[in-house]
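What follows is a pair of complexes built around chain A, which joins chain B in one and chain C in the other.
This part shows the complex of A and B:
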């Protein structure tokens, strides 16, 4: 379980992925490749990835849970898929805007 | 959140691209990241509580902005065009300050009360590059990212605060990571102490679009740089676009600007006549109008390229009028127009513009202007049309109230500017015994052209209601603007007192 706070960065225990919490509060378990993600200064305990949860995450994409109460930004790409409280996170679709600055 | 994240992502993904071209030198994002890491180390060691840049833009600008973010210290750029005593008064409000300035300002202000450390931009950049930290660390959420002194056209400067969460919400909500094509280059000519100068850096870094800096704007220098650096996009304030249009129409030089694909503009009222000329001169270019305030982390509404083309081509007056609007709210931003009692108004009705969203700070050093539901009163007035296009009518303080009728200066100015002899015009309130307030206009004529006050009155009478016809018409050589093109209406009001 992780205490969520915008700005908090987490790293994958099974691949190179890193995420930053954009929106979220309370305690949730965020996993990558089926294994709980770690604080940047923690080290992986060697837990094996769940093969079905190794579909990758893309840098720069925002991922949300179903009710969009949780949003994370993938800041480093990896092979693991992201999930929270056991449910997969989906890419948040954004409207493409013209550059205004 | 920490805006330093944006630069780190660009540094890792943008290998093989340049992030910045400044004074002819190119910098990769990884180089800026490492330099910002070096700068952060020096800022932390100084123990200072603020970082200010008091200079034109250069490679030191992004290094100072991101270095301050990594050090967890607010970045508070200062306007180098202010008189020395005003700069001194602002420095005293930034105790203790890590000052990065041009050589003259550095010498003039290094002994000011509030200064913790002072160095020139060249020294700062040299030291940052010499102490590069390729893997910098930073606090997850240091709070305040930027403190900007608003231009203070209506009083002493207010210190507006933008937190990392506001700027990050704006960037993540409006820019797709690494969305720029490899050949894209954007020309940044707004000064570094302007919110548009800061958002331009953050947006283009995150889009991994090369930033080309122009330290001192002039239309020929801008056009030169577009050609030399094969610039594909730019942001300009209305006065800059007006000068570029004038320069091209004068036909004194010849520039190859075919690389240019997009121009965004904002930061003040754009006369419809100028944007129409620009659309004609740059037929292949996408124009985007952006409206925003310092307190809203830059852009909150957009009038996109399709809107521009549709408005110009349309015979329907409502659609055509959209060319004078600032477009629709960003997806994450809500806009409401309210009357004096605070009630939301229906489309078409004019009132004060309120805004809400995760990028809206509305916070000053002294107090927050945001209400308990998160709404920020912009002090701008206007109305929404049936499709949510926002039409601005000017600052709440600038509205002319004639016999109980609210008159927007912009509607009168736009009509005056359609006269072939008129190059600039400003309408302000003047005292009137009969009406409380009446309309006074200051008009600048093209050199060699002439127009009478009565001819201008007839023009206004023919297009608008009779209440809009100016009581007084004054012909002047030029109108007073501040350096980012904001019209100084207070000074003009003084002419009619």
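This part shows the complex of A and C:
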């Protein structure tokens, strides 16, 4: 279980992926490749990835849970898929371009 | 760009910063075969073209668009650019601070003022936020982030022969086919200038994410996108993505303003495209170049101008950090990109040309400091800012008027695909 807080960074225990929490509160378990994600100063305990949860995550994409109460941004890509509380996270729709810059 | 050209084409006392450099680029561009129509353009006019349309005013510490502002930090200042609604959603993560609902500029200022600039910049970059710290450009110390991102000689030919102007260039017998994948200002301006030179320009947009400028000032959009034929493709659908790749194959010149990873995810790689067939030119417009971690940093025209050192010039001139133009790095880069594209087309192509918004603006600033000296530059920026604050920023410059039609998204699909022999 991880205490969610915007700005918290987590790394995968099974691949190179890294995410930052954009939105979320309370406690939940965030996994990558089926294995709980770790704080930046934690080290992996050698748990094996779940093959069915190795479909990758793309850097720069935002991922959300079903009711969009949780949102994470992928800041380093990896081979694992992201999930929270046992349910896969889905790519949020593309960010709109600004009308001017 | 030669310093003699800056002197010769120097502009009136109240011209905006860097308009002399931009004029010098325009003069070199217009001297190339087939580019005579560029001679009618003027640097100050192109720099302020959007403001002439929107009627935006100059304000202390705030960009004319209103999206970028200077905020004081514990150890300096930061230009924070938040043009997308989604940027505001990232502020809690950026600052690790729950604002308890909605963010405002004043709330943001209160949180940022206790933080250190460098760590704010680093976290913002992870999140894809466009922020930039002013530096000490007038002492010749442009921030190393900018120096490393191809400051030395933008436009940088990443792949192919160096771009060299020669006096005996021959005009081409046919116009180039230009595929313009870019959005907003710099890239579309590049495509527009190539259209003025007779290029056949096809604008390609994602149906999921049309060019945001379509929803901004319509007259300004028309100016930069007139005469371009439009294709809108759903990049999420396999067949449409394949069509995009086949379309790009047909181009003599591709213009894009995405981070390199974005097109890679669609199966298009600039380096490989340039090598696969001789004679083609790829124009890559980025915030900080294509190399290393900087390839992923986001930038828009206003914050790029700050990263390039223009806020340092304005502070020396006015006593406070100010924006030296309206998204200034955009028009500077658009013109420089078009000149590079046209020159590459005339000289046989086979080049990947990288232009970073920050690199182009930093180089133009450095060449003006070298030519006029920082004292004269500061004096002229001060006179311009005083006039600008009184609403005379354009100095009597008239806006241009579009002369050709603007296509709705996807309007020319059937005609373009038939003409290029691509089945849909």
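The definition used in the following text is that the second predicted complex is superposed on the first by the 97 of 101 C-alpha atoms of A that agree within 3 Å, B and C clash if a C-alpha of one lies under 4 Å from a C-alpha of the other, contacts with A are read in each partner's own complex, and residues count from 1 in each chain.
Everything that follows uses one rule, which is that a residue touches a chain if its C-beta (ideal position, glycine included) is under 8 Å from a C-beta of that chain, and two chains touch if they have at least 3 such contacts.
Since the structure is predicted, the reported quantities are computational estimates derived from the model, not experimental observations.
J.: Once both complexes are superposed via chain A, do chain B and chain C end up clashing or fitting?
T.: clash
J.: After superposition on the shared chain, which partner residues are touched by A:93: those of chain B (first), chain C (second), both, or neither?
T.: It touches chain C, and chain B stays clear.
J.: Where does A:20 make contact in the superposed view: on chain B (first), on chain C (second), on both, or on neither?
T.: Both partners, chain B and chain C.
J.: Tell me which region of chain C runs into chain B after superposition, given the options 199-207, 271-279 or 289-297.
T.: Once both complexes are placed on chain A, chain C clashes with chain B in 289-297.
J.: Identify the overlap between the chain B-contacting and the chain C-contacting residues of chain A.
T.: Common interface on chain A, chain B vs chain C: 5-8, 20, 22, 59-60, 73, 75, 94-101.
J.: Where on chain A is chain C touching in the complex?
T.: The touching residues are 5-8, 20-23, 58-60, 71, 73, 75, 93-101.
J.: Quick check: in the complex, which residue numbers of chain B touch chain A?
T.: Answer in residue numbers: 1-2, 5, 8-9, 12-13, 140-141, 164-165, 168, 172-179, 186, 196, 199-200, 203, 207, 209, 233, 235, 262, 264, 266, 286, 288, 290, 298-299, 302, 304-305, 330-331.
J.: Which of the residues in chain A come into contact with chain B in the complex?
T.: Touching chain B: residues 5-9, 20, 22, 59-62, 73, 75-76, 94-101 of chain A.
J.: If you look only at chain C, which of its residues touch chain A in the complex?
T.: 50, 65, 67, 81, 83-86, 89-90, 92-98, 123, 126-128, 183-185, 206, 208-217, 259, 261-262, 265, 296, 300-302, 327, 330
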